[in-house]
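Chain IDs A, B, C, D and E follow the sequence of writing; residue 1 opens each chain.
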Amino acid sequence: MLSFIVRRLLQTIPIILAVALLIFVMFSVIPGTFASSMGDDGRGMLDAQVMERMNKEFGLADPVYVRFGKYIAQLAQLDLGMSFRTRQPVSSVLADRMWPTLQLSFAAMMFSIVIGVPLGFIAALRPGSIIDTVSMVGAVSGLSVPKFWLGLLMMYFFALQLGWLPSFGYGDGGLRYLTLPAVALGVAPLALLARTTRAAVLEIMNADFVRTARSKGMSEWRVVQWHLARNALVIVLTTIGLQFGTVIGQAVVIEKLFAWPGLGSLLVDSVTLRDIPVVQGAILLIVMFFLLVNTLVDVLCAIIDPRIKYT
Amino acid sequence: MLKTFAIASALALTMGGIAEAQTPRKGGTIRLTAPYGSSFANLDIHTSNRAQDEIYAKAIHRTLYNWDSAANKPVLELATGVTASPDGLVYTFKLRDDAIFHHGRKMTADDIIWTFNRLMDGTKAYPGARYVRIIKGAVDVEKGQAKTISGLKKIDDTTLEITLTSKVDPGFYFHAAMTSIYPADEAVKESFNSKPIGLGPYKFLEYVPGSRLVGERWEKFYKPGKPYADKVSISIMGEAAARDVAFRNKEIDTSILGPAQYVAYQGDPALSKGLLEVAEVYTRNMGMNQNFKPFADKRVRQAINHAIDSDLIIKRLVKGKAYRATGWLPLSSPAYDKNLKPYAYDPEKAKKLLAEAGYADGFEFEWTATSNESWGIPIVEAVIPMLEKVGIKVKIKPVEGTVLSEVVSKGEYQAYIWSNTSGPDPLEALKCFHSATPQSACNYTAFKNANLDKVLDEAAASEGEKRIELLKKANAIVQEEAPVWFFNYNKAVMAYQPWLKGLQPNATELAIQYPEELWVEESSPAAK
Amino acid sequence: MSQKPLLEVENLRIDLSIGDTKFPAVQDVSFTIGRGETLGLVGESGCGKSITALALIGLLRHPLSIGGGIIRFDGREIQSLSPAQMRQLRGDRISMIFQEPMTALNPLSPVGRQIAEMFVLHKGASWRDAERQAVEALASVRVPAPERRVKDYPHQLSGGMRQRVMIAIALACSPDLLLADEPTTALDVTVQAEILDLIRDLCAERGTAVLMISHDLGLIANMCRRVGVMYAGRIVEERAAEDVFRAPSHPYTSGLVASLPLLGARARQGRHRLMEIAGVVPPVAAFPAGCRFHPRCRASTEICVAADPEVTLLPNGGSVRCHHHE
Amino acid sequence: MNETHGDTIMRVENLAVHFPMGGGLFGGQRRWLHAVDGVDLELKRGECLGLVGESGCGKSTLALSLLGLQAPTRGRIILDGHDVSGSAGKDRKDRARFAQMVFQDPYSSLNPRQTVRTTLEAPLRLHGVTSRSEIDDRIADVLKHVGLRTDQAERFPHEFSGGQRQRIGIARALILRPKIIILDEPVSALDVSIRAQIINLLLELKETLGLSYVMISHDLGVVEHMSDRVAVMYLGRIVETGGWETIFTNPQHPYTRALIAAIPDPFSRTTGVKITGEIPNPLNPPTGCGFHPRCPEARDICRIPPAPLLEAIAEDHLVRCRRVGEFA
Amino acid sequence: MKIRANLLIGGVLFATVILAGILAPLLAHTDPVMDANLMFAEEPPGGEFWFGTDAQGRDIYSRVLYGARISLTVGIVSQLINTVIGVCLGLSAGYWGGWWDDFVNGLTNLMLAIPSLIFALAIMAILTPGLTSLLIALGLTNWSFTCRLARASALSLKSQGYVQAAKVLGYGDIRIMLTQLLPNMLGPIIVIGTLGMGGAVLAEASLSFLGLGIRPPFPSWGSMLSDARDQITTAPWISVFPGLAIFMTVLGLNLLGDGLRDILDPQSRTRRA
């Protein structure tokens, strides 16, 4: 088991390296520099000397291959470099922003799992019923709404009209502040999870071994309990793992709208300001997080499903 | 000739229509917003020239001078008096002896010298260097040829002598937050980056990156009785729509408004009472690259100014949240010429001018623009049909702000639309059209006019009323030459909650407030 | 013991719903199985033999449903039973083995537990006891080292082993009737022989009656005393097993027997051209009117097109459904 | 280069196919699966060779190598006097005109998106037949041979029954006029009442077109009926080979005997000598004779490596068993 | 008959969008770019302006119609690029196996590991905003599911008899992939493509919100919606109509995809995950 986990983790290393290379190459050709970004609010540009000096300080004056060499050498020492903007190590910048994003994406996933999976289950156990039709129409609608639009509407409705929740910000990081952005972020994965769960349960319902279970004289509830749930879980788990990636990606939009101080808004900001080391670090961190979650999912699947070899 | 500035103690006197005669209440939390993006750069204000960062800097830090919003000029802040030598190059400051850093130590001349030396560190490229560079010997430090700035001399702990390289008013330079005075002993420490120490009215309490910065009252602040509130909290909120909801939801005390919300708030009986409007020192304009053949002709540039119905755009699209630009210098500039008439909307005249310039059939140009609602593509979209009427076709080249500043400073454009600082110092603002100013600095249109150069040089050498008169003349030349389409001067609008008192109409940037002047009444949700 | 047969099926009809239309996939099927008796049902794919078995155990699912007739198990009509009563019957007194042992077992559950479920469900055993009984059950189907095997998952077992596990499950509660639906089709011949022996021996021990379903006439004749031959949803002939090969009565049966290349036939009689049955097996929605075999029948006459043949009892105890039976 | 005498159309010498299992970047130890392990075969013109064995014995892999779809690890395949071993892909087109295949499952072996005409026309065009009339003639001709009407050529596979589909599969195998056809369980997926049609058709075609067959089957009845010679495979090796009569009336290898005994006899309820246990894992085959763990006749001598040799005990009757002499 | 319901509604919605796009010049009242008339800025819906006008005084009804063209282009072209990439890689990887398969698998895992919106965002920042950039950004970042599906299909199809038969008949590998494998995996791929088109329309809106979408003057629904978000209290119609247009289009595509799945890919589970 342990060696399985280690092996799965080792397998992520090439991906992380490839991501590092890809991101580096992409952002080495981006137009504009951090120095030029300092003038974009119209308060006047930096003077040419300072700009030049800045580019030199940040190593942007070197040719691309030299920069890449330095970058890889840094990475090898687990050093992500210095942020242009904060003039602090990227790692400490990321550390500040990681927790809110984790909070938000976990909350969104919890929301979508806790509601989506049971909903899909119930829908599948009563296919064609009112609850099935309503939840699936709801699910397909949930997948079709632009996210920031939904967030904005929720903000107006729940914060302004009803006054139940604060409309924005991290506040004390508590549930009151977390709820709206997490729900806005969680609607799409909820819809998808409900659909996946329903499809998975329906598929397993028709499996031969479920017929065997019925032929044993089991009640439907027992069939679900003893035979259906675990099998459906494997499929649902895989979907959850992949959804984490989507959720973290979409968090960019939600964080910006709700002024949530996470990695997503940091990333957008850093792209806008050409704070390239932070961009690279943030993407790497997001990728690593995604890979970690999916490794965890793989391990869980391997525990549930003995057919997956982990020796 | 000796010039003495009075101590700026009368700040609270003229608060426009906002300040009512009442006793400031103590306690509570002031909840400001930082509307220009979703973060602060960091907690070292020396590294950033952004308005966004200046908002928090004014709570924590102090500079040698401050901008007096009421008098619309810089006034002494950390000094009680200053004398200038007859040649206007040597300034002797009598520093405050009651300014105490948040860690409890008194400020001395050494702190200012240390701060200015730090800003000139050539290896670090601090943007504030551009201000300190007017001090003699600063450039040598920047180039690594000297260890300390020779033009800075400590007479005693509270007396500082500064020698300048040219005859300018240092007040326009040393009020910028980028020149905030740091405590020499503490600022060298690593911890300073996460726990800044300043001279400002509020002591740093906490910072949630990307979310908010909170300061608590600094009891030993040098202005007696101030600050009033216990805490100041600055929420970072770049998204206007979200800010709108939060403001209506009474979660924040101030919000900077865009045109759409300006209209909405004006129309709302409750909200319209809490609007603070200021003519800011920004000129929105379309710069025309004179290396692009049609724009080399003055008549074409004038034709464009005539072809666009600027008033209509301001009224309908910008919702009146701007003032029509007559020339380069804005309303709030000391050298603003009330008698200058803006280019009239006159398509026929535009056509005539174009024909004279040899473009009777019009031409096509590429217009580089960002998505900014006040000086970006939405404006361009409204202009396109107007130019089309006189035969000029426009292709939009959408870019990000970062790219805009890069292409403009390199001259890699045909036309751009931007908002540029045109103050507070009118000389500094107009120098951008001096042929000696490089394109990368601020002469973005690479403008050259011998006549203008002469007038500007004269203005620099003169002072008082004469300088103002010369600057007005220069402004008129710029208007006549029309290197840009003079669109508008920004009207900044801040919405504030009825319980928030003491706001200042800061023309340099309305969002920047001196929090020691603010207080909240009992009715605030955060009054406790 | 009652003198009544264990299972009586009378005029069973099973409908297949396609849209709003119902087609009789199985019609007028009647047979009886006595206690401890083995009956074989043989037929080609789509003839309705498997769904007949599913109907007996109450596992028909949409779009299939019982459209008429009576199924009487041990004197009780099972259609009148409540779902709970039917569940008690299922597994305990009637159990079933399926064709594909790979998919018929839950891949995520150890086989021991899947056997143990039977004791928990029907005997009220605790899981601990049930697991112990599962070892015995596995031993009884001649699985070597059963105490280790109970912990195995289905994918760790070979096809033959899985089918043994299925048999262990099916016979765990010593049912009165075992429905074996093509239990060896997916297996190799040598393994098939072992499994057939196992079923035969265990059912004989327990006195369990067997309904064996297969497309392999030779296998059915070998395993069962009586054979029902199904074609297009009907039993066209029911005979003692040996008679089916020696003296088939229905043209379909005789055609089938003549078309098979039986082992040893060439050695005995030399290579001959095999008898062919013309045409194709009709799909449920297109069963022909009259005798359903008439389009393919050499002996077909007008009456075969016009009228449905009735069941004719044969002198030696069998029955046939043909206008022109031999 | 002619290495075989006139009436041998195909010869296989010491053919082996090994597959790597496992391995990879972080995959653990790599092992080899010996799917086919040293097979010698000879197919004579006009003959039907029956290849018998249970799942995993290597008969399908052997067939794929004969067709050039699976590169052999070692050994030679000589087709009509030409050594074609070694290359799995390059001479695919040449080999296509020589050897063809009929597949087991008539449902999955026809492309559901192609009409019968496309299925038959595309290979002709690929092999250089371009004239419209010739294509039409050859399609009509081959359809007639397999008992389908020409007008049925425009239909899609789903419009046909299983038996008809198998006829189409046979037509496809015949369209390039090959000399050898590999029949992979040609009737086992068909309805019982249809099988005789296809068996009869295949035997007719063999006569009229002068074809040679290699037929893979586990149905001994069909093998006995159709084959001229029979080879029995077990764990990648041939364990017994000879004329059909020899194999079915006088089987010598215990495995062959067990296979025959395992067929349920419809006329008696008695059972023959049966073997127990399952086919061993080919990744980890038993030492010595591969069959010894299941063999009722096994003695200590059978367990000693190496594997026994395929020895002739009579003319055209070879058996791979150390104890074969004792059974007589 | 639930299957037909989603197909029907989805088909009607999607057909409406296509018709709106094609017939935009006939149906539109004004030119979506040039007819900005500030005299009529922010007119509410009714009378001359069915959907009202925007801040520049342009007819929203006309812009929504023309916006269909942009959204359809974005959806169709980007998804076409994705599908071509995904199918080429997945099909060849599944068919050939070996190191190429390992490589494609690695590439797919790489693509999956970077959230596609973030990837697209990076590409947009590098290429500078615009329609072409958007097509590239969305076309390069969403092929992993198609690729996985094509690979899985190729793996299962290549053991099918007719593929073996084609090999036996001497077909080359490319010919087999194109004539034997591709037509038989097209159903599920079309389903994924249809659902992906909806995703692309939504992604365009998200990128516009982040300031990196298609830039005006061409009316894209995403940028219309995003630009008008500040006016949601003062002039809600400016954002409501493009918002509804996006919702209806994506809903239509999702329903259509579901419906097609029921027909073309009955045994699939939700592979889109």
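Note that contacts are C-beta pairs under 8 Å (C-beta built on N, C-alpha and C of every residue); 3 or more make two chains touch, one makes a residue touch a chain.
These are the chains along with the protein names UniProt gives them: A = Glutathione transport system permease protein GsiC; C = ABC transporter ATP-binding protein; D = Glutathione import ATP-binding protein GsiA; E = ABC transporter permease.
Bear in mind that the values here come from a model prediction, so they are computed numbers and not experimental data.
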item	value
For chain E, the least number of touch steps when starting out from chain C	2
Partner chains that chain A and chain B have in common	E
Chains linked by the largest number of contacting C-beta pairs	A-B
Length of the line joining the C-alpha centres of chain B and chain D, rounded to whole Å	88
Chain centre separation in whole Å, for chain C relative to chain B (CA means)	90
Rounded Å distance between chain A and chain D, as computed from the means of their C-alpha atoms	53
Whole-Å gap between the CA centroids of chain C and chain D	32
For chain D, residues contacting two or more additional chains	25
Multi-partner residues of chain C (each touching 2 or more other chains)	none
Residues of chain B engaged with two or more neighbouring chains	241, 399-400, 403
List of chain C residues in touch with chain D within their complex	44-45, 158, 160-161, 188-194, 196-197, 215-219, 221-223, 241-242, 245-246, 252, 255-256, 259-267, 271, 273-277, 280-281, 296
List of chain A residues in touch with chain B within their complex	31-33, 35-51, 53-54, 56-57, 83, 85-88, 93, 96-97, 100, 152, 155-156, 159-160, 163, 166-170, 255-262, 265-266, 268-269, 272-274
Contact set on chain E toward chain A in their complex	2, 6, 106, 109-110, 112-118, 121-123, 125-126, 128, 198, 202, 205-206, 209-211, 222, 225-226, 229, 232-233, 239, 243, 246-247, 250-251, 254-255, 258, 267, 269-270, 272-273
Residues of chain A touching chain C in the complex	207-209, 211-219, 222, 226-227, 230-231, 234, 304-307
Chain D to chain C touching residues, read off their complex	54-55, 161-164, 191-197, 199-200, 203, 218, 220-222, 224-226, 244-245, 248-249, 258-269, 271, 274-276, 278-279, 294
